[in-house]
Amino acid sequence: MDSMTLIAMVSIVIAGLTTGFGTMAPALGEGRSVAAALSSLAQQPDAAATITRTLFVGLAMIESTAIYCFVVSMILIFANPFWNYAIAQAAGR
Amino acid sequence: MDSMTLIAMVSIVIAGLTTGFGTMAPALGEGRSVAAALSSLAQQPDAAATITRTLFVGLAMIESTAIYCFVVSMILIFANPFWNYAIAQAAGR
Amino acid sequence: MDSMTLIAMVSIVIAGLTTGFGTMAPALGEGRSVAAALSSLAQQPDAAATITRTLFVGLAMIESTAIYCFVVSMILIFANPFWNYAIAQAAGR
Amino acid sequence: MDSMTLIAMVSIVIAGLTTGFGTMAPALGEGRSVAAALSSLAQQPDAAATITRTLFVGLAMIESTAIYCFVVSMILIFANPFWNYAIAQAAGR
Amino acid sequence: MDSMTLIAMVSIVIAGLTTGFGTMAPALGEGRSVAAALSSLAQQPDAAATITRTLFVGLAMIESTAIYCFVVSMILIFANPFWNYAIAQAAGR
Amino acid sequence: MDSMTLIAMVSIVIAGLTTGFGTMAPALGEGRSVAAALSSLAQQPDAAATITRTLFVGLAMIESTAIYCFVVSMILIFANPFWNYAIAQAAGR
Amino acid sequence: MDSMTLIAMVSIVIAGLTTGFGTMAPALGEGRSVAAALSSLAQQPDAAATITRTLFVGLAMIESTAIYCFVVSMILIFANPFWNYAIAQAAGR
Amino acid sequence: MDSMTLIAMVSIVIAGLTTGFGTMAPALGEGRSVAAALSSLAQQPDAAATITRTLFVGLAMIESTAIYCFVVSMILIFANPFWNYAIAQAAGR
Amino acid sequence: MDSMTLIAMVSIVIAGLTTGFGTMAPALGEGRSVAAALSSLAQQPDAAATITRTLFVGLAMIESTAIYCFVVSMILIFANPFWNYAIAQAAGR
Amino acid sequence: MDSMTLIAMVSIVIAGLTTGFGTMAPALGEGRSVAAALSSLAQQPDAAATITRTLFVGLAMIESTAIYCFVVSMILIFANPFWNYAIAQAAGR
Amino acid sequence: MDSMTLIAMVSIVIAGLTTGFGTMAPALGEGRSVAAALSSLAQQPDAAATITRTLFVGLAMIESTAIYCFVVSMILIFANPFWNYAIAQAAGR
Amino acid sequence: MDSMTLIAMVSIVIAGLTTGFGTMAPALGEGRSVAAALSSLAQQPDAAATITRTLFVGLAMIESTAIYCFVVSMILIFANPFWNYAIAQAAGR
Amino acid sequence: MDSMTLIAMVSIVIAGLTTGFGTMAPALGEGRSVAAALSSLAQQPDAAATITRTLFVGLAMIESTAIYCFVVSMILIFANPFWNYAIAQAAGR
Amino acid sequence: MDSMTLIAMVSIVIAGLTTGFGTMAPALGEGRSVAAALSSLAQQPDAAATITRTLFVGLAMIESTAIYCFVVSMILIFANPFWNYAIAQAAGR
């Protein structure tokens, strides 16, 4: 059962790190975007519609990189092909 | 019981690190957003309604990355499929 | 008792690190927010009510990330499922 | 089965790290671009059409580097030639 | 007595590090807040009452994160459940 | 089969790292270029044609460094001369 | 006597590091506060009373985080419960 | 075959790292140059010819450092004298 | 004599590091304060008395954190309770 | 053949790192110079001749440090005295 | 003589590091102070007496932290109580 | 022949690192100088003679530090006294 | 002779590092001071006498920290008490 | 001959690192000084004599720290007392 334990451990570690570190940059990038949006609103309140629309499109694109990380994490925890192969090997052994 | 201990240890470590480090960037990003909101309010008090609404939408999106991390932590502590498999193995052994 | 010691050690380490490092960013973010609030108050004293209300909402959201970390620390010290399982194993052995 | 375990572990680790770290810079770069777009909109609302069009072209190019990383991750998880070779070796052994 | 020594060592290390590093960010954040307060006072002496009140509320919230760290340190030194369990085990052995 | 496993592992690791880290700087550089382009458009809308043309030439040159990295990754995964030599050795052995 | 030596070593190390690193941030924060106070005094000499009073309150709060660290150091050197327990064990053995 | 494996591994690692890290700085430098070119175009549209000509010469010189790295990588993968010597030794052995 | 050597080595190391690193931040903080004081003097020569008085109070508080570190170093070299205990043990053995 | 393998490995590693890292700073420095040249051209188009001449002299001097690194790399790969000595030893053995 | 060698080595290492790193911050802080003094002199030549007097007092306080480090180094090289104890032990053995 | 291999390896490593890292700072410093020269030329075209003369003298002094590094590298590769001694020892053995 | 070799190695290492790293900060601090002096001279040529005198005093104080490091290096190479003791021991053995 | 090899290796390593890293800061500091000199010349061409004289004095002082490092390197390579002692020991053995 040693090799299964190793795969499980590695999957846990990487699932956590990928989400933990991979969401850092999106959070910072979104913070910067929101801050810029707020300054822009204060500077030009009449363009509020364009600004908020552009902001939401931008946030969606930035959030997409966080979601890539979350997806990889979820694949590693719940749909890990290496783990499935190992279970199949262990069951067939 | 060695492999269970390893999985438990790794789960504890990663649960803590994912939350501990993964909430850093959201906190910084939210701090930046709030600071920008306050400066904007001081600069254009008349646009307070638009500014605070945009701020809250932005904070919610930034907070979502922190919540991804917290969710992964909680999954690793309370709904860890590798741990469940190991318990099942140990019970059936 | 070796595996229990390991789990205890890891729980102590991660509980401390999660709180110690996870509260860094909120403290910095709150410092930035408070600084911005004070500058805004000096710039536009008439908007004090809006500014302080927005500040407190923002501080609450930033503080929430620190509280996630503190909660994970407390779970690891006082309600650790892996530790409880190990105690149950040790008691039943 | 040792060499298969090693390849599986390495593939998991690198798949996670490549996505986790490789999406950092795109998120930051997109955050910067969006922030610049919002400031530009506030400064020159009449050029909104040109600005948003340039922004979307730029975001697409930046996002492409994140997609390179995601593609490498997916290749390593689902279409890894080294893993396939190892499975073929194990099956034929 | 080996496992007790390990738990004691880890508790000492983490108690020190949690306080030593966890108080860094609050100190920096408070320094920033105080600096902003002083600049604001110089800029708008008439709003001194509002500024100092907001400053003290902000300092209290920032200090709270330092106190979380100090509390975890004190729990690890004086009310450590893992250490208590180990003493109970050693006494009952 | 040990030396083949090592070469496979190293190829996987380096393929991931080269893409993961090598695309960081292009993403940041492109983000900076796009941000500058947007500011320039806001400042001088009449020069939109020259600005976007220069931007696209610049993005292409920056993207080329990301493509060098991606090419090296693909060579290491799908056309690795050391791996081919090792397979030939293993087949002929 | 081995376990006592280890506890002594760890206590010495952490006592030094906690004070050595934990006083860094307060020193920087106080430096920033004092610098801001001096600039404010130069800008608005008439508000000297308010500025210095606020400065001293702020310095006291920042210094408190340095004192937490110093207190933990002193506890670890002169009132270390783990060391006392170990001495009691050694004496009673 | 051990020494050949080592040389192969080291060549793969260094080929990847040299390209992966060596293209970072050119990408950043080119991003900076392009950004400066765009700002200059916005500021002085009449000098577009001189600016773009100087930009392209500069980009070529910066790109040359990326190409040094790519050349070293290609030499290590496809024309490595140490690998050739080792193959000759292995063939003649 | 092995455990005494270890305690001596650790005490030397930590005494040096605590002073060496713990005096960094005070030196930087004092440098900042002095720089601010000089700028303030140049800006408002008439407030020289208030400025220098505030500067000296501030320098004293910053210096206090350096002195905490120096005190801990001196305690570890000349009044180390763990070393004294070890000498007593060695003498009584 | 062990010592030859070691020398070969070390030569490969250092050849790659010297070029990979040694070209970083020239690329950044050239990027800065080109950016400054472009800003200067925009500011003072009449001095274009002097500016571009000074730029090219400067780029040549900066490029020279990158060439030192490339030369050392090439010496280590193609004219390595230690490797030649080792081959001579191996041939004469 | 092994334990004496260890103490000697550690003393040499720490004596060098304490001076080498501990004088960094004072040098930077003094550089900053001198730079500020020179700017102030250029801005307000009439206040030269006050400025240089304040500068020298400030430099003395900053230099004091460098001197703490130098003193600890000298104590470790020429008046090291642990080394003296070890020599006494060796002589009396 | 082991000790000769070690000296050869160390000489190769250090020769590469000294040149690779030692030319970083000169490249950055020269880039800064050239950038400043270009800005100065744009600002004051009439002083071109003085500016370029001072620039070349400065570049020569900065380049001298890069040349120190290159000289040490060349000494280590082609005139290494430790290597010569080892060859003499090996020849005379 | 083993312990003498160790002391010699450590002395060489620390002598080099103390000088190599300990002269970094003085060089940076002096660079900053000289830069400030030159700016001040350009701004207020009439105060050249005061400025250069203050500059030289400041440079002397900053240089003093570099000299502390050089002195410690020279002591470790040419007047090392631990090395002398070891030679005396070796001679008397 | 083992201890001689160790001393030779350490001397080579430290000689390279001391020069390689120790010349970094002087290069940066000189770059800053030259940049400031050029800006000053552009701002105040009439003070060229004073500026260049002060620049050369400053460069000489900064260069002196680089020369300390080079001297230590040369001492370690060509006049190393520990190496001389070891040779004398080896000759007399």
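Here are a few things to note about the model shown:
We just call them A, B, C, D, E, F, G, H, I, J, K, L, M and N in the order they show up, numbering each chain from 1.
Basically, a residue touches a chain if its C-beta (ideal position, glycine included) is under 8 Å from a C-beta of that chain, and two chains touch if they have at least 3 such contacts.
Computed from a predicted model, the values in this text were never measured in an experiment.
Listed by label, the chains touching chain E and chain L alike form an empty list.
Put simply, chain F has to spin 155° for its C-alpha atoms to lie on chain G, with the angle rounded to a multiple of 5.
The distance from the centre of chain A to the centre of chain I, with each centre set as the mean of the Cα atoms, comes to 44 Å. For the pair chain D and chain K, the distance between C-alpha centroids works out to 49 Å.
Inter-chain spacing, taken between the CA centroids of chain G and chain M, is 30 Å. Annotation: 21 Å between the Cα-based centres of chain E and chain I. Counting partner chains per residue, chain F has residues 11, 13, 15, 17, 19, 21, 24-26, 28-33, 35-37, 39, 41, 43, 55, 59, 66, 73 touching two or more of them. If each chain is drawn as a node and touching chains are joined, the picture is one closed loop, every chain linked to exactly two others. The assembly's chains link up in one ring whose order, counted from chain H toward chain J, is H, J, L, N, M, K, I, G, E, C, B, A, D, F. For chain B in complex with chain A, the residues that touch the partner chain are 3, 6-7, 10-11, 13-15, 17-19, 21-22, 24-26, 28-33, 35-37, 39-41, 43-44, 46-47, 50-51, 54-55, 57-59, 61-62, 64-66, 68-69, 72-73, 75-76, 80-82, 85-86, 89.
Of all residues in chain K, only 1-2, 4-5, 8-9, 11-13, 15-17, 19-21, 23-39, 41-43, 45, 48, 52, 55-56, 59, 63, 66, 70, 73, 77-78, 83, 87 touch chain M in the complex they form.
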